[in-house]
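In the part that follows, the structures are each spelled out as structure tokens.
Here subunit A shows up in two complexes: once beside subunit B, once beside subunit C.
So, the complex of A and B:
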């Protein structure tokens, strides 16, 4: 399973390296979202700083949608889904590989967006350790749930429009929890927000969707 | 030894439509069989069913000694299907595509490199993205992926389509080579002369059933079991 996961992740990342869809489309989109928020809230810079964590994770969430759609589009070429099913690859490995590739792209994007938040919103970077842990765990959840719902929507003709409808409500807990923990990290430990319980929620979400994906991806790939 | 393919009253439903409607078929290991029939007869569905991509809803189905219904994943790992679509990643180079599919099948990278050379795709073409290839080059790449897998059962759906004369000759030599190595080949082709030259036997499918089977040049109507016991021309029929 792990060998197959590495193989699939390597393939997806190599495709991204050649096509540069994430670099040329997803990243500019995410930066644009941050800039638009800055325009909208600039008259009251205090609001922008206070809302920075939430705005950051909304931008990440929208970008995750695009990354998941791109990940599934890779497999929607002529006959590639059949070839994948015939390949002998462990479906659990395919799931982990595809989720892993999405996660790697999102992590890079999150670092760049974090720099954008510091520059555009004037946020003082603090609590970097907690931010890093939040980013890792939230990204695992986003990538796992996104890959799972991506393969569910893949077989449908209206997949491009249906996927956001399916996925955004599911990812709402990640958005809320990651925002709360990020607020704590940015404002220091004195904020009084129970970051630990939100972090537990993020970990639980990621573990649940990774586990569910490992089990369910095979049958879903068959039906897609 | 188990036959490579054994179907008894096999039914495959596409929605409610019986694409295979009680098909009987035996293919011995190492045999090359041409599958013929009009459009919509069920030829492609037969190949996809044998590859485990379409479920067999009724009847018995064994591929390479494995029950297709119970061991679909194990069957898939041992067969190779060349469909009308290539199953290639447009954004990956020819070489990267072959290496990925070879490694996915548990084959070393050298198998992909050998297939590249065998199909004349080494050199400059190896680094070109598949999406930039011509139809013929793309077809060659798909064939190379098939060769790199080194499967026991080759299921070829119109393998000559989109290829020039040299490419079609190359397909023929690949089929002959695979058969010599002991692989079994089922070949769907509208190029009847080429198929006849390659195959030891042909099966005609009409309306999802085998309506004739026999050595080339001696076709017989198929009965409930569409193999012909005692026919010396029919290689390895059960």
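So, the complex of A and C:
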């Protein structure tokens, strides 16, 4: 399963390396979202700094949506899905591989977007260790849930409009928890908001969706 | 060949035994019981005394917890029916119909829960809506199941759609326990779980408990009644699609003969 996961993740990342869709389209889109927030909230830095954590994770959420759509678009070509089935790869491995590739792209995007928040919103970086842990766990959850719902919407004629409706409510807990932990990290220990229980929520979410994806991916891949 | 004849011709080769129709005596009895229970809830709710803090609005206790409970039941049934559909040995179109019907009724009950809660919250909390854990999760639950219903309406092969919907229903049902215990896990404005407060040392008036309990029963009956009827409609929709196809085929063949 792990070997298959590495193969699939390597394949997806190689495709990204050659097509540069995430780099040339998803990342600029995410930065654009940050800029639009700045327009909407007026260049009053006070509001932007206070809301930075939430705005950052909303931008990540939208980018995750695009990354998942791209990840499924790779498999939507003529017969690609059948080829994936015929390849004899373990479906659980395929799921973990595709989720892993999405996660790697999202992590890179999160780092660059974090720099964007520092530069554009004037946020003082702090609590980097906690932020890194949050990013890792939240990304695992985003990628796992995204890949699961991505394959549910895959191949349907209305997938572009259906996926956001299915996925965004499901990802809302990640947005809430990641924002709370990030706020705590940025404001230092003085905020008095316990980050521990929100981190537990993030870990639970990631484990739950990884587990569900590993179990459900086989039947989902077979039906189309 | 008429539609009825097509039905007759198909009847012999029907793969599944037809489930009891929604017009049966059992459904009728259920409907009568549901309407009666609703009437009793209405009477008991109006008979409740005004409370000092909340005035008239405390009477909403007769319906609000019952509505929330019925929505949990509905989504729980959707998950069970989806599991039954996914299990190859119990795979029947009926389970898919039940899952869809139950979720639709559940969405209506969730929306009504939010509306009655808002009507109560405005005079009591001073706002229509607060971003409290229970309320937020209920709104999320509504959004998740609206997505589920959207997936069910997607144009696709019936089995493919049923399978994917079933997977979504099984993931979505996880929101129920989280929502139910949210009032204890997070410090919320919403009061604790209604049933957990029914302890001997609690001084909640017996009449309130009575009205609430009848409300639970009434909403459950209404839920079951509506779901049975919705299932029957789903079955007829499927049959109609089949018959239309058959009729079109017959028509085309007739063209070839003449």
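Operating definition for what follows: the second predicted complex is superposed on the first by the 222 of 224 C-alpha atoms of A that agree within 3 Å, B and C clash if a C-alpha of one lies under 4 Å from a C-alpha of the other, contacts with A are read in each partner's own complex, and residues count from 1 in each chain.
The working rule: a contact is a pair of C-beta atoms (placed from the backbone, for glycine too) under 8 Å apart; a residue touches a chain by one contact, two chains touch by 3 or more.
Because the structure is a prediction, the values reported are computed rather than measured.
The superposition on subunit A brings subunit B alongside subunit C with room for both.
Of the two partner chains placed by the overlay, neither subunit B nor subunit C lies in contact with A:124. Legend: residue contacts after superposition of the two complexes on their common chain; A:172 is shown touching subunit C, with no touch to subunit B.
Contacts of A:216 after superposition on the shared chain: subunit C is touched, whereas subunit B is not.
The partner that reaches more residues of subunit A, of the two candidates subunit B and subunit C, is C. Once the two complexes are overlaid on the shared chain, A:74 sits against subunit B while remaining clear of subunit C. Touch criterion met: A:208 reaches subunit C, while subunit B stays clear of it.
Residue contacts after overlaying the shared chain place A:15 against subunit B, while subunit C stays out of touching range. Here's the short version: in the overlay, subunit B gets within 7 Å of subunit C at its closest Cα pair. Subunit C meets subunit A in the complex at residues 86, 136, 140, 143-144, 146-148, 150-151, 154-156, 159-160, 163-164, 167-168, 170-172, 174.
Residues 48, 51-53, 73, 76-77, 79-81, 83-93, 96, 100-101, 103-106, 129, 145 of subunit B are the ones touching subunit A in the complex. In the complex of the two chains, the subunit A residues touching subunit B come out as 4, 7, 11, 14-15, 18-19, 74, 77-80, 82-83, 85-89.
By the touch rule above, subunit A contacts subunit C in their complex via residues 148-149, 152-153, 156-158, 162, 165-166, 168-170, 172-173, 176, 208-209, 212, 216, 219-220, 223-224.
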